[in-house]
Amino acid sequence: MSQETLQDFAGVWIGKISEVVKTLTGSGPIKYLINWSRMYALWPVHITTACCSAEFGAMMGPRLDPERFGLQAVAGGLRQCDLLIVEGTVTKKMAKRLKIVYEQMAKPRYVIAMGDCACSGGLFHDSYSIVNDVHQLFPVDVYVPGCPPRPEALLSAIVKLREKIRREEVFA
Amino acid sequence: MTTTPTQAKPPPPPITITKTGEPSTLDVSVGPQHPGSGHFRMLIRVDGDYIKSVDADIGYVHRGCEKIAEYRNYVSNIPHLERPCIIDAIHLNWGYVLPVEELQGVEVPPRGQYISTIAAEMNRIMSHLYWLAINAGVFSGHTTIFMWAFGDRDLFIELAEMLTGARLTYSFIPPGGPRRDLPLGFEDKLTKLLDYFEKRLVEYDRIFFSNPLVIARAKGIGVLKREEAIKLGVAGPVLRGSGVKYDVRKVEPYGAYADLDFEIPTYEEGDSYARFLVRFEEMKQSVRILRQALEKIPKGPIARKAPLVAPEGEATGRVESSRGEYAVMVMGDNSDKPYRVKIMNASFRNLIALPYLIRNVHVADMPIIYGSLDYWPVEADR
Amino acid sequence: MAQVVLSREEGIINQLKSRFPDVIKEVKVDRARRVTITFDKDHIQELAKFMRDEAGFDHVIGIAGIDYPTHKKIEVLYFAASFSKPDIQDIVVILKTELPRDNASIASVVSIWESAHFHERETFEMFGVKFEGHPDLRKLLTLDNWDGPPPMLKDIKFPEMGQR
Amino acid sequence: MSMAFGAMYEGIKHIFKRTFTMKYPYEKILLPKGFRGRHQLYMEKCTGCGICAWICPERCISMVPVTNQKEYPQNPEKRFPQYWYARCCFCHFCTDYCPTGALDYTPDYELAEYDRELLLWSPERLSKPATNIGTYHSVFHGDKGSMGVTYEPVNKQKAQ
């Protein structure tokens, strides 16, 4: 057998095996297990874009204690984080940095747009230094309105996001 | 996600072994994404472990409040003018409303003044607790005080919610007087909370302010001398920590502060620890003010009807916010929208002290100094 | 209400008037504790030096620009106050001057009031007023946000920003 | 040295205190009357004057015609406010300025959605009653030393 046919042969089989693995893991208990582990290990990036960070701090505080949901205490390393909570207004100056942060995050990554300013510009919409919609920069999974949202409202958004992750396909 | 078309990347700069500039220094950019406070960047130049100079790069949250204020009417301006410092919303709201009332010639009835004072002092405690949790606790690695202060802040927030209907952004004082009267049972609850909080302050003192670890980290770090403080025009606890007795509540009483008895805590040292203690003492004074205000509050109407239009002219009002003096100049032009609103806040004024404080200090001392300023980037950027 | 005594405010005004008879154009006491002084823009540094050294106003709390497109002028307001003299701590003196709208420039007061540093930078980027002699006149807030003309000028309109 | 022991004592003392955490999705705090959550619209009172839309600081309210079978005698054009909650700042100036009392406060704050379009609340959706009712209460234990604060069910409070 020549080398090329061997490579073809191997390539076909590797493709077939990966298909099988995908169908196995993409359904049933393995999918459930993978999604369950993703659900319980949401690590938020700590990039505070504006004033909603006060309520983010209140959510991280003792009253609601999001570690019950596996929302780990804020980690500094971007490569380990998979949840980006856009806390408020994104100015044009911050948008560049925010995009760099988003691109460094581990996949699969999720985004919560917190507050009116992140959803639509809010009180400052159409101002000269504002990015009105965060979804122009990257896809947003959950929108939380409120100016700022109550910490409970943010936590309810995280519960919603977990629900979304639970139903998600593993290989999207 | 929108994919950008693949463009030819510019060639990378040639690798040079020898560094340009001064041989022993290194420029480090701190922020805008870092574990402490975001939306703010410091460009520091370090020589070994020592910081030689610092350049503040602000504007990450510049939203054009002053421009937007020219497009909205006097009442609708309140929500966005209090957003710059939402943990201190009553003071920002009040500071804007005072000059508007002066222009319109509206006088707030005494009960309204007292209610605003109560709300403002509660807000001062909340803001100082936020500082204690984040800027003092997290920056010095003291997680316990973060938990305690945030827990107790939530109790004050609960009462603020009862009074105003919102957690942080109250929009509580439109021109003419506060929107709501004290709700039923508010006085009892506040008295109970103040009793509880006074006991907590003793515990705070033991675990944080008298803690030798905190003293070792904060004492003698980031000294701002009295003459420097006066020359730089800093405001609030930063000024009072350097020994200047200046508080707008005393020098130009507004609200009900003329009737109330309180002291202005000052410390002569001018270091980070003195600024910590000023805020700690201010919380005690706020408790004292709240008790007196609950006792002395008169009966009567809370608000008067204010016109929607303001006449031509300028007025400057100032209040003592948690971070220091907050002054607003409002200029009317016989319409329902202001011609110009100028905000002069404490965070922006304290920014100039940063190069004076962070000078020939260790890199490890930088978070404590930055935290002791209680700098709120959104307020400075507006 | 008690009669408001304006002796301190008038004292400051008299001091200024006797010292700078030609520079001071208009003097107004809006209310107790607020003094507005309109002056000629060429003498800002002498006036600031006098205010700091002799009158005791040792810092500025802010510098505001106001744009008047119909009158073709930009007004610059300096809000000066005092920390060191307890008897005038509550007075805010507003020094007001007019600049031509195109090519607005005025001498910097950073060498006199160091607290004006960031305020002058802000007024420079928001109104385009050049402060001559400022040690570090760069953009401050709108570095990447906005690359048009100075945003606070009235002829730059954002009609979507406001209400109906 | 004594100060160090004081700090340690405080820390250790708090191990024996009651927990402060509220188990949020299962326990909700009872919000005070007048909490500024989402709006409640009483369609039988609204005259469609549009003052709410005028005072709104960020133009989140638009007056839209409603196409249902009901007749509203006070509002013959059937124009009612529609809120876009992606922009509303919950200042409730609209409620305060409403001349007929057709708008009201509700304690609903869990408005998060997967899709931004769903944040547009039509008049019919706004006229539904509030769903979020908290059942827990913060109780001070200040008299027994500084035992802190706990959350207790409201009914238990009333029974005591």
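Should a chain be cited, it is by its letter among A, B, C and D, assigned in written order, with residues numbered from 1 in that chain.
The rule we apply is simple: contacts are C-beta pairs under 8 Å (C-beta built on N, C-alpha and C of every residue); 3 or more make two chains touch, one makes a residue touch a chain.
Everything numeric in this text was worked out from a predicted model, so none of it was measured.
A comparison of the A-D and B-C interfaces places the larger number of contacting C-beta pairs at B-C. The greatest centre-to-centre distance from chain D, using averaged C-alpha positions, is reached by C.
Computed centre separation for the pair chain B/chain D is 26 angstrom, with centres defined by C-alpha atoms.
Distance from the chain B centre to the chain C centre is 24 Å, each centre being the mean of its Cα atoms. Centroid to centroid, with C-alpha atoms defining each point, chain C and chain D lie 44 Å apart.
Of all residues in chain C, those touching 2 or more other chains are 142-145, 151, 158, 161, 163, listed in ascending order.
Among the residues of chain B, those in touch with two or more other chains are 59, 62, 64, 67-68, 72-73, 76, 79-80, 151, 169. Chain D has residues 20, 29, 56-58, 89-90 in contact with two or more other chains. Of all residues in chain A, only 91-93, 96, 125-129 touch chain C in the complex they form. Residue ranges of chain C in contact with chain A, taken from their complex: 142-146, 148, 151, 156, 158, 160-161. On the chain C side of its complex with chain B, the touching residues are 30-31, 33-34, 36, 58-62, 64, 66, 77, 79, 83-84, 86, 89-90, 92, 94, 113-115, 117-119, 122, 126, 140-145, 151-152, 158-159, 161-163. By the touch rule above, chain B contacts chain A in their complex via residues 1-2, 32-35, 37-39, 59-65, 67-68, 79-80, 83-87, 130, 133-134, 146-148, 150-151, 153-154, 157, 167-169, 378. By the touch criterion given at the top, residues 45-51, 53-55, 57-58, 61-63, 74, 76, 78, 89, 91, 93-94, 97, 101, 123-124, 127-130, 136, 138-139, 147-148, 150 of chain A touch chain B in their complex.
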